[in-house]
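The first chain written gets the first letter, and so on, giving A, B and C; residue counts start at 1 in each chain.
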Amino acid sequence: MQASAPKSQMELTMPTPTNSSALGASEGTSASTIKLSATDLNFHYGSFQALHGISMKIYANRVTAFIGPSGCGKSTFLRTLNRLNEAVRNTRVDGTVLLDGQDIHDIEVSELRRRVGMVFQRSNPFPKSIFENVAYGLRINGMASNRARLREAVEQSLRRAALWDEVKDKLNQSAYGLSGGQQQRLCIARALAVNPEVLLLDEPCSALDPIATAKIEDLIFQLKDSCTIVIVTHNMQQAARVADFTGFFLLGRLIEFDGTTVIFKNPAKKETEDYVTGRFG
Amino acid sequence: MAATSTPLAGSGPSRSARSFIERLRSGDQVAHAITLAAAASILLLTGLLVYELFIHSSETRAKFGWSFLFTQTWDPVADEYGALPFIYGTLVSSALALLIGIPLGVGAAIFLAELAPPKISDALTFLIELLAAVPSVIYGLLGIFVLVPLLRIVEPAIRSVLGWTPLFQGPFYGVSLFSAGVVLSVMIVPFIISISREVIRAVPADQREAALALGATRWEATWDVVIPYAKSGILGSIFLALARSLGETMAVTMVIGNDPKIKASLFAPGYSIAAVIANEFTEATGDIYTSALIELGLVLFGLTIVINALARALVATGNRGGNA
Amino acid sequence: MTSLHTLRRKAVNAVMLSLTGLCTFAAAGTLVFILGYLFVHGAKDLSLDFFTKLPTPVGETGGGMANAIVGSAKLLLIAMLVGVPIGFLGGVYLAEFGGATFSFLVRYVTDLLNGVPSIVIGIFAYTLIVLPQKHFSTIAGGLALGVMMIPIAVRSTEEFLRAVPASLREGAMALGASRTKSILTVVIPAAKNGIMTGIMLNLARVAGETAPLLFTSFSNRFWSPGWEQPTAALPVMIFTYAISPYEDWHQQAWAAGFVLLMLVLSVNIIARLLLAKRKHVAR
């Protein structure tokens, strides 16, 4: 299951040819450090290979977007970054993923998932109160020593998710009473509560209306100061608006990875160009 | 519909008359009537059941009124009848069954829905659902000849741990409320398992994943998130099991001890509503005696109907999905 | 955050998950135990006599339960005649004709009837038939079992009919078949196997019922001629023999228990395997 590549390799290995061209230069990110790096990652569901040799670097405090048609493997790749695919039966992963230079399979899984938070496609609050939703991660990870600290942490997370003002008077009400957009921001607050270093967003706006979507996009801009953000989206305009880097996936392969402007304005690969210009098909 | 053959221009009444005749000829009306009669007969039959229970218990209802439910005397010789010992025995043995059956059943349902590989889970569920098909008289047979002797052996151990409570004092003959509770628990576990497994399986995967993604362990994700999500369905399965155990007759009759007294100790013999009907109905001489037994049947009917209705409402809300 | 905290969580995780596994194997093990125990204690006393001879008086060894086996068969026949037509037609009504309100009522009452304890159904058959006739009879016992069959017959018929794809129905109606004709010639044949297996399961369930027979068909030491006399039935014999004080009657009870269990379980296994393609079996 684990990897063969020595850890030292990651500092040096240069990206696959596709993303060699002026990596990040166009976005002015040359000073950025690498937060996550995947090397030659393969993933199988039973006998079906869903990912083929994905290698990629994800930079700290930047937004990285994955685009591509449905079933291209972008979500699957996202879910390998916090080892959530392991919860699915009959799957196999090989290749390396390093978080701050450490193999994620060497990190205790609940610790890894605390450090790498995730927000899902459909908002999925727990059948608990708003407060308890946000407090859940703090409680299980033993991160709040007393009631006052817990309240403080919950408030802070809700503020970071730009939800505090809307829910501060009804913290003890069911989370299911909130609107779809609010529920999704609650899920973001829930993920933020445990202070993740990386936040994985799996098509977080696909079920939301344009106004709710705009709020989440604003949030992504604000969060990038404190988090590394990886977002899967089927919406190319969204990737263009929020992301510093963009990766294009097709049929389980990473076709191209580069600065977002390069991908959208001047892609190196024909497939990428066809997809971003809407000629894909 | 059949009316389509009539020109659209046709005037209202004649059109509907034609279509009625056509439908009659094609048999639709007849088939509708026949099946409707069958469906209606189910309502009639159920109504008749309630009516019969009501009418044939009128004598004791007139004589004892509501006090029937709250008096402890059961003396056929003096024609004094009180249902309390039976209600007590029924409720206590069922409560005990739930106490043992819930952890076992829900635990197994969690294992089958969340942990076991699908093929093994299906195979084990198949076995467990067969248990629900075993006739209750067989449970009674095993109760008399296997469970009761077994309980006589483990009784000193139970007594040494719990003997200080009033629940486990006094002599133990083998047949007792305790034995009835244990047999019932074995009988209700399959119901709890098979329904709970379904509702746990129906919990959306993203609930579980949201918890895991926050760093929850498998057990934490299950216990803190999946079970609360499925709780009304699980509660429904428990109520359904309770309704079963309240009305269970043969297995209980064979091990409860058949003694109409209210004793604090679970080791003492007791009696349940269903058991007293089963044992004494054919020997009931005199109308009042029979009427008392039928009124007990009415009480049991009412009890199970209420519990069943609650159970079905809970399972229905559970199937509709999340509710906080 | 401490590693002690993590360690404790991991320990709780491991302990609780193993406990759930233990619960499962305890539950599944019960069936294995029941089967094994009845086989050991019941099969050894089983001989041809059991199926061909009448019970012997107390003290005489030997004998069988031929009358009870025939009695059970007669009771099931009546039960089927009562329960299947009403249940089947009621199910057809719900699946094909019913309007919203009345169907809801029928479903609700059917579920309610399904929840009525079997002993109460026994009282019902008693007041309805035994009391006016002033004697126990096979008919009364059969009626009690038949009433017990109705709810499940309704629900399983409805379920199997609904599982027939709408395209089949529409196909028949597009060819000009009336609603009834399409139900009779297309829908019901398509659901036939499911409905039949449902009836088998239903019969197996009431075949083991004891309580509703105690004061309807009562019992009989001899052959029961016709339908108006009390009759022996296998489950009632098990009960009577098990609570008797005689050792050889206990042996007979085990043998009868073994036969009954084998019958009920084999029908269940066959029916469930036939239905395995369908996920859910009406209970």
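Note that a residue touches a chain if its C-beta (ideal position, glycine included) is under 8 Å from a C-beta of that chain, and two chains touch if they have at least 3 such contacts.
What you see is a predicted model, and the numbers here were worked out from it, not measured in a lab.
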item	value
Chain closest to the assembly centre - both centres taken as Cα means	B
Best-connected chain pair, where connection means C-beta pairs in contact	B-C
Relative to chain B, chain with the most remote C-alpha centre	A
For chain A paired with chain B, centre-to-centre distance based on mean C-alpha positions, whole Å	48
Distance between the centres, which are taken as Cα means, of chain C and chain B, whole angstrom	16
Distance between chain centroids, defined by C-alpha means - chain A, chain C (Å)	54
In chain A, residues with contacts to at least two other chains	110-111, 140-141
Multi-chain contact sites of chain C, meaning residues that touch two or more partners	9
Sites on chain B at which at least two other chains make contact	217, 220
Chain B residues within the chain A interface of the complex	117-118, 204, 206-217, 220, 224-225, 228-229, 322-324
Interfacial residue positions of chain C with respect to chain A in the complex	1-2, 5-6, 9
Sites on chain A touched by chain C in the complex	108, 110-111, 140-143
Contacting residues of chain A [partner chain B, same complex]	82, 84, 87, 89, 110-114, 117-118, 120-122, 124, 126-129, 136-137, 140-141, 174-176, 187, 190-191, 194
Footprint of chain B on chain C - complex, ascending	9-10, 12-13, 16-17, 19-24, 26-28, 30-32, 34, 37-38, 85-86, 88-90, 92-94, 96-98, 102-103, 105-106, 109-113, 115-124, 126-128, 131, 147, 150-151, 154, 178-181, 183, 204-205, 207-211, 214-215, 218, 235, 238-239, 242-243, 250, 253-254, 257, 260-261, 264-265, 268-269, 272, 281, 283
